[in-house]
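Notes for the one structure printed next.
Think of it as A, B, C and D in the order they're written, each chain with its own count starting at 1.
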């Protein structure tokens, strides 16, 4: 109940702090016989790793991982898979002066009040460094999903007020990795990069939106009532550090629409039932209908800024602070593999859950 | 795993179909000794009940409930509390002609494919009638939360493109029940009502947004990493029928903001640590910080419309249908107590979970 | 977490008190398309019902049940199945004098201390009446298991010091229902009946043992480490009122054995791998091996006796009481369907869980 | 659901194989602020470690552990605690000849059938080496329980047919560690040691029983119905490798008793309600009553014997094998800390669960 596990049948538990020995994950429930493609996992981790470009934090971690258990001769055995990622480039002294202070919009205050003790080094457990463990586990989920042809692609669709224009659709996912921002539309990406650099130069940070699309998802994933597929995707997405909003399909825009426009008519296309539009975002009644699952996640600007800020310390005194820790000017480029991973973890879990639907 | 339960320590399981004998809920984990205020529960149910006004469905259900277990001499005993709400005004024959057809943007298609069998009467298990059980359970959660002074208020903030203007804030929650729409700003409510009636006259439906505010939430509710308080609120909200989007605090607007604007400075106000702004929406690092928890839920227009629509039937043939079942032209007025209930269920659960935080 | 649910994928939640309106169960996770054989469920309930013979309690309940949800045209739909069993023959006044007293070896004292409130009528939630709900749910589990040819048979193997002799094996299960005790060996049953009647005449009660055998269980049910199949059977069995001991296969006798005798050699019998002996009781490493699963459950003598007993009351004063409530002189004849049900619930759950073992 | 986790609020997940890099455990839900006494944990691990004496396996592992996460300045922080124990003295070549063979009464056959793949080295995940992780986690649970004065002592009460005589009670727990067998009665211990050595000399193994006593357990731990405290203790105990039976209090002996003898009369002793006898074993209605919790666990003789045995191989051919791996002639001396650990894990979990009992 302490919140460090996710999923029911494909279940992960992460552990580790920003400046501890290592972070890691236990994946329990991965079906036996899956080839564990180490290169693919490393590749996903590298998309998330700090220090990958000039628009990310300068903390440098290779984020190589060790397989501690659960894999035998290259395949999953049904036993829990533990992956460890060592922490190497901690600079704990950067945080000594924050030991006693609650950084604005960080978790310092709430952790202190909740637990009465706080690992202040690099944010401890509340650090987004924990998401490396999610990406490692999410990569294994992706390997499972690939076997049933599911593909998942996330990309940056907004930074500050800059958005991909309607004219850029449909998106060619092969362009996502062509630029530092991970925005598949070249012109937009260029503008985003400029904005992020400006924010960085100002010692500031900026927010953004990531769009994620899962294709070829089998019909029938999702559980009625509380465990609707998009409800779980919402939880998965909102659990990512800095996430502030989630929408599926038409999302908030649907509030302004009429049913006659919004309904997705079923049609028969070459003996396959499909829908003419996809305002539903691939999910109806909480269950996948075979159309692309499309959702957006909004991220706030990173809370650590290189500017003087007022706040209070543990004694309740009002003080001024200026961050020294390294940080990202905009979280969305590195959050792309995290969003993909959370989507994969949900879909892998629901893929296994659906095996008990019928006699 | 079949998705009909919600919560960990304060855990509910709902059951029942739209046209079955009854719907109901089992609340397991309600602490012993809580006075079960029957009138309060009934009052919450009455806010949700069909047939309450001319802008809701004409199905008429009093939604009275029976306490089957778990209450002794007016108080909870620690045993599971089962509440039953009889179904009385079913008109199953309205659905006979839909037995074989997949209504657009409904759950007919996905349930059929998932289970190979489908209770087509009134949508069966996928009907929003299930939410009456949530409201009954949510009312018990509210009774628990009231003991620690938590108050929860939801209201309609948008219908179609009509929104409460900025000038109307701060909201006086005592106005919420003053109109049929449950919008606390009188002028806006009037416009919304007109729009809903227009939609109804057109045989159409319209979407909307509900805003929910929880005040006096104790500091420290929420679990790190996956079970962040807003992540669970997101899941809870998105599990409501017709929900398409969720945002906490600054939400999607945060994507366009800079960190220097968005951060909430801590201040000391009369020896209480509080924040100057509340873009965080009362939650930092997934844990409540004592400020009001504010979130929005977007609802799509109801899928059942009184217009001719094209679709396919179970044989895959393209057909035209026109709904005969009774339905709401806009879901948000009746969804207000549902959103409150889901918020209460999350907060009650996390209130119990937080009891193990420290030695 | 409040302990009223059992199972993971085939999950039941029971509710209700001995003298409340009804007891009931919600079965969540029953695969869709299962024919719900009402007569079979009733038959199982009738084996457990009070008042069935002169060696059981004289409380008379027909234990008819209502299906509230989850069944459509005779089949499960994948939605939660709620079954209700009304309480009809309560005599709450029999318990008025016990309102203030802790009956020896009952749950009165512990419930009072745990919850600070107690439904003293008929034992409230702690009454074995709750097991009717388990039997109803267990019957559904059995219907699911029957589809894969699993058969489960429990019988009384010991009452007091009277045991079925070795010479009576192998057991012919068709004899179980031939006598009131549910012991398949006629001579032994007759002696047991006499002993139970003697105990009854003395206002006393006597303990016993139930043996349960599950045959044709597919190989591979059970999860390693904590959720070993026999560990879950142990929990399931020990959760039955009055259970004091559990053993699988060789059980406590194994403590006195040597490995060279105890090991079950694998042999190839007509191209089927089987074992020469079955000290393992059909489970190795926590996983079913295809041999019969055999386990015993020991039951203490019922705590309610018709004799003067000393105890204390809520004020801590030492007092004498004599029970007036109706009760069984020996629990095992009626516990036979309960043990079968718990076995079925475990096996059905693990049968669904095993679907995710391999890619 | 894959069975590698235990507990609800104090929840552990173990991972690792006998011949992998390491075994480990993640403890999630340990309250913040607990002093993590490293020496105590190591001491418990040393009681379980292989190679500790001439009556245990000759595999030598120091079983030192690393704290990877969740501890800051010597105290728990509320974050998950990961402990790693390296494997050092593997001899995988001893298992090469077993790669293709199903050892009698081992998990080889069932793992192979369940997963279609098997780590045959040292038994892989099915090895009792996994229990080291339980002991490490159980030690943390004990540290938590010590703060509320709970003490847990397990000891060997039977090996083969040799049992501690009635005259030896009450047991002085300080004698447990006085001999290699961990039997607190010197004479009995000496006989047990002789028997174990004889078995060893014969290349054979022998079974035994461990008795566990938990004292000063607060009244009120345990949940009604399915999660009765003794039901969970049964599951916990039966999940230990080689366990075949569990009994609480009077256990199997209760089957032969009458209620008038078996009931535990409540008495008032110096203003404390206690019971005159303790056939209940400290638990009534599934909830602790403040008396000592007493239970027994029966262990079969270890399956690995140094004798020629017949079995079948993966091709189904009947073959003869003789084990070469190192193993224990009797499991109970080393299982003492494992039983204590499982008891501690259950009690710590229920201690946290009980915090939500009342308003």
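By our rule, a contact is a pair of C-beta atoms (placed from the backbone, for glycine too) under 8 Å apart; a residue touches a chain by one contact, two chains touch by 3 or more.
All figures in this text were calculated on a predicted structure; none of them were measured in a lab.
Peer 1: Hey, which one of A-C, A-B or B-C is the same interface as A-D, over half the contact pairs lining up?
Peer 2: B-C
Peer 1: Per the definition at the top, count C-beta pairs in contact and tell me whether B-D or B-C has more.
Peer 2: Ranking B-D and B-C by C-beta contacts puts B-C first.
Peer 1: For subunit B versus subunit D, what separation do you get between their C-alpha means, in angstrom?
Peer 2: 46
Peer 1: Could you grab the centroid distance between subunit C and subunit D? Build each centroid from C-alpha atoms only and quote it in angstrom.
Peer 2: Centres of subunit C and subunit D (C-alpha means) sit 26 Å apart.
Peer 1: So the centre of each chain is just the mean of its C-alpha atoms; given that, what is the distance between subunit B and subunit C in Å?
Peer 2: The computed centroid separation for subunit B versus subunit C comes out at 39 Å.
Peer 1: Got the subunit D residues that touch at least 2 other chains?
Peer 2: In subunit D, the residues touching two or more other chains are 1-2, 4-5, 8-9, 14, 29, 32-33, 78-79, 111, 114-116, 125, 224, 356-358.
Peer 1: Considering the complex alone, what residue numbers of subunit D touch subunit B?
Peer 2: Residues in contact with subunit B: 1, 9, 29, 31-34, 78-79, 144, 147, 224, 352, 355-359.
Peer 1: Looking at the complex, which residues from subunit D come into contact with subunit C?
Peer 2: On the subunit D side, the touching residues are 1-6, 8-9, 14, 102, 104-107, 109-111, 113-116, 125-126, 130, 158-161, 199, 202, 204-209, 219-220, 222-228, 230-232, 234-239, 244-252, 254-268, 271, 273, 275, 279-281, 283-289, 296, 298-305, 307, 309-312, 316-318, 353-354, 356-358.
Peer 1: How about subunit A: which of its residues touch subunit D in the complex?
Peer 2: Residue positions touching the partner: 1-2, 4-5, 8-9, 11, 13-17, 20-24, 26, 28-29, 32-33, 66, 68-70, 72, 75-82, 84, 111, 114-119, 124-125.
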